[in-house]
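Below is one structure; the comments refer to it alone.
Chain naming follows the written order as A, B, C and D, and within any one chain the residues start at number 1.
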Amino acid sequence: MLISGKEYVERLSDYEREIYVRGEKIEDFVNHPNIKPVVNSIAMTYDLAKKKEEYSPHSDLVDEKVNRLNYVNKTPQDLIARYDFQRELSMRLATCNYRCTGSDAINSLYPATKELDERLGTDYHKRFLSLLKDIQKNDYACTAALTDTKGDRAKRPKEARDMYVHVVEKKEDGIVVSGAKIHQSGAFAADVNFILPTQTFREGEEEFAIAFAVTPEDEGVKFILQNTGYQAMFREGGEFEMGNPLYGDRITCTVIFDKVFVPWERVFVFEDLKAIRNTLTNFAISHRCVGASCKAGFIDSMIGAANLMLKANGLEKVPALRQRIGEMVGVSEAAYAIAVGSAVKGRESYNTWLPNALMANAGKVVGVEGFNKVIMHLAEIAGGIPVTAPSEFDLRSPEVGKYVEKYLQANPEFSTEERMRIIKFIEFWITSSHFLGAVHGGGSPSAAIIFLQMLADLETKEDAVKDVIGLKKE
Amino acid sequence: MLISGKEYVERLSDYEREIYVRGEKIEDFVNHPNIKPVVNSIAMTYDLAKKKEEYSPHSDLVDEKVNRLNYVNKTPQDLIARYDFQRELSMRLATCNYRCTGSDAINSLYPATKELDERLGTDYHKRFLSLLKDIQKNDYACTAALTDTKGDRAKRPKEARDMYVHVVEKKEDGIVVSGAKIHQSGAFAADVNFILPTQTFREGEEEFAIAFAVTPEDEGVKFILQNTGYQAMFREGGEFEMGNPLYGDRITCTVIFDKVFVPWERVFVFEDLKAIRNTLTNFAISHRCVGASCKAGFIDSMIGAANLMLKANGLEKVPALRQRIGEMVGVSEAAYAIAVGSAVKGRESYNTWLPNALMANAGKVVGVEGFNKVIMHLAEIAGGIPVTAPSEFDLRSPEVGKYVEKYLQANPEFSTEERMRIIKFIEFWITSSHFLGAVHGGGSPSAAIIFLQMLADLETKEDAVKDVIGLKKE
Amino acid sequence: MLISGKEYVERLSDYEREIYVRGEKIEDFVNHPNIKPVVNSIAMTYDLAKKKEEYSPHSDLVDEKVNRLNYVNKTPQDLIARYDFQRELSMRLATCNYRCTGSDAINSLYPATKELDERLGTDYHKRFLSLLKDIQKNDYACTAALTDTKGDRAKRPKEARDMYVHVVEKKEDGIVVSGAKIHQSGAFAADVNFILPTQTFREGEEEFAIAFAVTPEDEGVKFILQNTGYQAMFREGGEFEMGNPLYGDRITCTVIFDKVFVPWERVFVFEDLKAIRNTLTNFAISHRCVGASCKAGFIDSMIGAANLMLKANGLEKVPALRQRIGEMVGVSEAAYAIAVGSAVKGRESYNTWLPNALMANAGKVVGVEGFNKVIMHLAEIAGGIPVTAPSEFDLRSPEVGKYVEKYLQANPEFSTEERMRIIKFIEFWITSSHFLGAVHGGGSPSAAIIFLQMLADLETKEDAVKDVIGLKKE
Amino acid sequence: MLISGKEYVERLSDYEREIYVRGEKIEDFVNHPNIKPVVNSIAMTYDLAKKKEEYSPHSDLVDEKVNRLNYVNKTPQDLIARYDFQRELSMRLATCNYRCTGSDAINSLYPATKELDERLGTDYHKRFLSLLKDIQKNDYACTAALTDTKGDRAKRPKEARDMYVHVVEKKEDGIVVSGAKIHQSGAFAADVNFILPTQTFREGEEEFAIAFAVTPEDEGVKFILQNTGYQAMFREGGEFEMGNPLYGDRITCTVIFDKVFVPWERVFVFEDLKAIRNTLTNFAISHRCVGASCKAGFIDSMIGAANLMLKANGLEKVPALRQRIGEMVGVSEAAYAIAVGSAVKGRESYNTWLPNALMANAGKVVGVEGFNKVIMHLAEIAGGIPVTAPSEFDLRSPEVGKYVEKYLQANPEFSTEERMRIIKFIEFWITSSHFLGAVHGGGSPSAAIIFLQMLADLETKEDAVKDVIGLKKE
């Protein structure tokens, strides 16, 4: 089924959830100024899916069209469609769409549970398919939560058990879990949350090797929202002061699990080191590729903004500035092309098409370094006026509005308000949480580099050199 | 005279000023949550001056000790002391001290007015000295305003007169000026504002070639504050939620001049192209050197924060992370060393010691590129938790405080609150306006690169090459 | 037909060519120490094609298997195979394979001549197919020559006619051309040279808008070889002193056309601005993609060398150095993935599959910046010993051989000679002409950036921003 | 005494030295094509010293003027003069002057031996002064050798004794040493070689903690020259083909010590861990600062070459290319300014003025990264023609000279030969050993970064942060 963004919002309004902002439980969360932008963003994932064939493939599992984000990708073309969707969402939202982790979890658990069952004769995959059917039929929005708060990094999980989501009680009909997950983008506005471990584990640590799903309504699930300047600005209101007025900054939360009961039907890996390793490896490469296409879309948005700024300033013909635009385009296309390349050079795993692991990690590195470079270019093009401009309230002020109206205008083809909207939007890109999100989303660049070194086929490269310089090969 | 920070604040409290925040004129500006941090920062420039000899030199002009920021530097050592002061202020405030432009204006106008008088037999330098005496005797805080809003960049000043601060009436006892200056850091909290043009002018544009001083109380002077997320957070209050609770983000404003009368005693350049060129050249190189030492201080603060974060996470012994610290230190020391080098290799101009112009511009470039690199390192060290962490209000919440207390702790030598204070401070460095300020403060890096190319002694370098490769020299 | 490398060399030995090294015409060019490595490299393009299906596709044109380098690519998979071949060649040769420009010319002229004929009713495409059949049937090695020497860059072609390859006489059976092409890699060792203009032209400059083919034996065609230190070393001989003893540095030449007669059958564009524009655009994007996969292969070789060096030094377990390896791998995979992505997101043009233009240019930029970064990493890993090591002649010296044998050994699993071979090979990568080749091959990075800015769909990006911030779209 | 370059060469001609090139002992080394450029370079250190006061200070030790390179620096001004000398030499030579390590050794051993004697009551300082007097009086050229070949890096010195220069016999009148030093620039053309350890040592490794001096004539001292393409080109001859015809590439050698007797008078540290640590620390920071000013001079040369190339191509007014020049100037001035800054912020140690350690390391990092960036800019400005150009022998060839003459000309204000000289000189900068020399000279950038992290006053920075965010200080 494909529902509309509006239907998603209506469904969301029926839920009761425990969500905290600045220490207080909020009511009518769907309309809270800090959550509304998240809801708007997710709604776009519904509406856009209806507009393009490739964003709503036919699922054999439920024999109907489903959102690409809830689909198990079977071919390179599927993955490319996935990345196209991601890039377009990122460009159109200029922020997170909040469902990429859900999609990655579905595409990670599908093959991992299948392998687990084939290995052990269990029925985890069936359980998973059962939930997946529900998700596809109801067009649920899903997220995945991985990052445990970890506490003192010097300790292993067993020594710091509470800092990892873990089982506190094992019952006949399910398990009871406690712990916390941090950095969770939009989990509070989804229908289903997949819960995966933050890392792989060693022998003896099986108890942490679990994967399951909850709903945000489950008893004991609590969401504590992050709080940044952009949230404060949304609370203060205004039409465009916050830069990205419709979709806002990426909003994350800490999810608390205080003795949450999870029925066995929603447990997909239970104390199995290998299945968790598979799940996490699948997830990491999926997420890094999606991240590369996401960064491409973000940079597209920054390019659009930069070009509008040049026009609004009367500078769109200055060669040195056009060159900056060209460099920004190069980064965007590079990040996206790497995602496409990784789709094509991927591999099948238990009926799921997974991206190329090396390229996925390369995409992560290029995406982050590119994002950083692009921010510099955007800053150089924009001048200092993002962050120093008067507010929209000044523009509307009976006392100083006339000054702002007069002095903030540049190219007469843009009204002062239009130019200020562009300025505030650029401020948003430069000072919001997206830079840090780009660095750490899907793991740090350092982590990607370690993977690159581990996964590379160094022997073939060494052998080629040995041939050239006349060294014996083993 | 050297007054204390407290005395500065008391004096400030007596002033009546027209200051707007979000479109509304504010009362008791000194205690407004968006201005208090600025006042705190400037107060530090008073208190710190009293603590070190080199920050409070003896001025022959008034025959007493004065703040280094109000001093006319005579020697390389003076300039080095100036940069030391700047670096220490930046490190201790973790934000702008708001007086660097005032100091640069004093050191620019001093030689420029002297040259002007020697050339034309006028008395501008005397007028300037008279104000400078007042400034030194009363220990006034000064700023300088340069950036006109310019409007459509395709037009020359004459076509877009209103967009440049300009004389609307010439009277016997002074001039009346109108226009606006944007990007003005802390001008509303100073005692004296120097007003200089945003650029040099061609023949026929003499009318814009003026420099003068106003006080923030002058009739027709209006300050419209910038508005960013950090200001919104300060308005919402809290103890540490805003990261840098005492000194805040750099706060700028747009200064409106609505028919402001300036007596001749405060006019220092009047329609003279050369004197303005001298003033602006002096100002640019002074400001870029100060900017390099400022960036060194900012990076010192980020290094301190990064190291505390490593400790609070239990990661201070990880070699790859220590290496990041080393790279950050390298940037800080490089930026500062360039400032010192430019002081030593500077030149005298009419009893004022000015920094080396080439090095000043090199310092600008290294400072910006370094700042960008350091932000990346800080982001990598910090992880995603700045921007995703719960708020201090969550920590104090009766409902979720216990979860935050438990799950946000890491190394037991730091309380959860201490760790959160560090986290919020790092968030401040990554998402505040300082990155954009670093890029554009003192002019864009591109502007510095153009200067480097123009000022370089290319002929000597070409001649050396000709000698090596056997080409005839002219 | 697919001939072997050996057969190619034999055929080459039968040709008479006018080739100059250090001002002197050489005899037995195939065995000249500066040309032998080129011949060895091209021979590999024959031998490797026989080893993999995807390197020797079936050509309908001649109804037999042909070398991928002489094939007109019809599908994305064709292009990917092309890039795989390129990457593998670059890795195995650690230098140029000299045939990429020929392949790009074939894939550029095929659609361009077809369009030309459809537009004008001419028979250029037929002529081209006729030569292509010969090429495929005989398995000829082809190159393409574009870069005119241009002379004073301030002048347009008409003012500097001689500096552009141009027609000096038009005859019934063909044209007579004069001029020179510089930067020609391996043209002297090919069977066919395609000659294309260095740039597009404006109306009135039609006379330069020509494309044709010559053979290196044609009267009036003269090859003047470049001369660098590596050529000098090859002339001096030795077993491994020159780093890449089998395949050497990339050897280019200046090709002189002194009244060369070209029969009409080998003229493919004659005074047509549009067909030349198409040809050059096709060529540029083809060559930049191939260049990206070539750089991937080069970096693979450098990674292999770096890892061998770490082992030979006993340092292969140092985390900081392994990290460098990871970063190098990231660059290689990124460059290659972009090529693959551009194949997939390419487009058909007159039965030819061309890569995505934006991604092709992005690949160029990433390839160059990556190459530069990788060279730094390789330099850091290698230490100073490449360039400072004794020579192989010292190792074999009765007088000092024992010292070299003793003091140059490190990890006992590598003999001193093996370690020295690795060292000299790394020296080759760092000091050969490949860095400059990477910068300028396929056009400078600046040219690519200009294309990126020109080709980008900025309007869609601007529109997305307008939707987000509430600006009206046109 | 100040001798002339000519006198230095004459003195050199009288020496008998054991020098090997390509495995063979050479005669008349002074005029060997691979050594002549080194001799020319060192001669410049004599001639230039006579031209400027600051390059030939008065030495109290011998009560006469001495070369700055043999002087013990007492003040910041001394060090600045030292860096000015270095920068000018590097610019004028476009290669190594070969005496910087000698100067650094003198300035390292002076305070270290003084400390040693004060601590232990020994007379090492007196011995050192005795040699220094000779050096100053005779105006000897000195070098220092540090890098042992080390062998398998996994082993400590005791396990791999032979790979470190060590004492094989202790006699009444001196010691006998064996071992080898690699990476020794120009040691064979000096009068005195200081021999220092490659690293500091732990307790139990005292036997390696020695420092002494030899002369290149001492029995058992053998020099094996490096061999690169540039040496091969010099052996082949020509007027300008080798790019830097007078001074050539930096020529290093491996120095073999085969039971070399060193009298006690020339032993300055004998089995003392602390004195060696002091010596090496002094040396490292001295050398890194000198290296920064050296890189500035190299970049000056590249800037001169780049600007000549722009002129010779008729491109000197293209803004994008002028911008590259500006960026190159920025790097040069930054590196130099850091050296100056480190001189000013240095410290006295036993009557010797040493540079600031932090800044010295920052200078190393900025110098290397800058050099790498500058090479890219130079490559972009030059185009592909360095490495692809015909040779000077082609230009002079009766057969093809006329073509080269015609087609290689551009701006008519430069003859073809002049343009080719510029081209070959740029080729030299891009493909010679200087890039690798810049990376590793004075230790790798990684080593500098580790020092930066170790030496930084992190506590003060942390304390400043604690004050800002309200954490208790210890």
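One rule holds for everything that comes next: a contact is a pair of C-beta atoms (placed from the backbone, for glycine too) under 8 Å apart; a residue touches a chain by one contact, two chains touch by 3 or more.
Predicted model, so just to flag it, every value in this text is computed and none were measured.
Trainee: When I count C-beta pairs in contact, which pair ends up with more: B-D or B-C?
Mentor: If we tally the C-beta pairs in contact for B-D and B-C, the bigger total goes to B-D.
Trainee: Could you work out which chain's C-alpha centre is the most distant one from the centre of chain D?
Mentor: The most remote chain is A.
Trainee: Between chain C and chain D, tell me the centre distance in angstrom, where each centre is the average of that chain's C-alpha atoms.
Mentor: That gives a centre separation of 37 Å.
Trainee: Taking each chain's centre as its mean C-alpha position, how far apart are chain B and chain D in Å?
Mentor: The computed centroid separation for chain B versus chain D comes out at 40 Å.
Trainee: What whole-number Å value describes the gap between the mean CA coordinates of chain B and chain C?
Mentor: Centre-to-centre distance between chain B and chain C: 51 Å.
Trainee: Which chain A residues sit where two or more other chains touch them?
Mentor: As it turns out, chain A has residues touching two or more other chains at 320, 323, 446.
Trainee: Which word fits how the chains touch one another: line, ring, star, complete or other?
Mentor: The chain contacts form a complete graph, every chain touching every other.
Trainee: Would you mind writing out the residues of chain C in touch with chain A in their complex?
Mentor: 80, 91-94, 239-240, 243-247, 300-301, 303-305, 307-308, 322-323, 325-327, 329-331, 333-334, 336-345, 356, 358-359, 361-363, 365-366, 418, 421-422, 424-425, 446, 448-456, 458, 460-471
Trainee: Which positions of chain C touch chain D when the two form their complex?
Mentor: 20, 22-25, 147, 149-155, 162-163, 180, 182-183, 222, 224-233, 235-236, 241-242, 252-254, 256, 258, 313-315, 320, 372, 375-376, 379-380, 382-391, 393-397, 399-401, 403-404, 406-412, 427, 430-433, 435-437, 439-441, 444-446
Trainee: If you look only at chain B, which of its residues touch chain C in the complex?
Mentor: By the definition above, chain B touches chain C via 319-320, 323.
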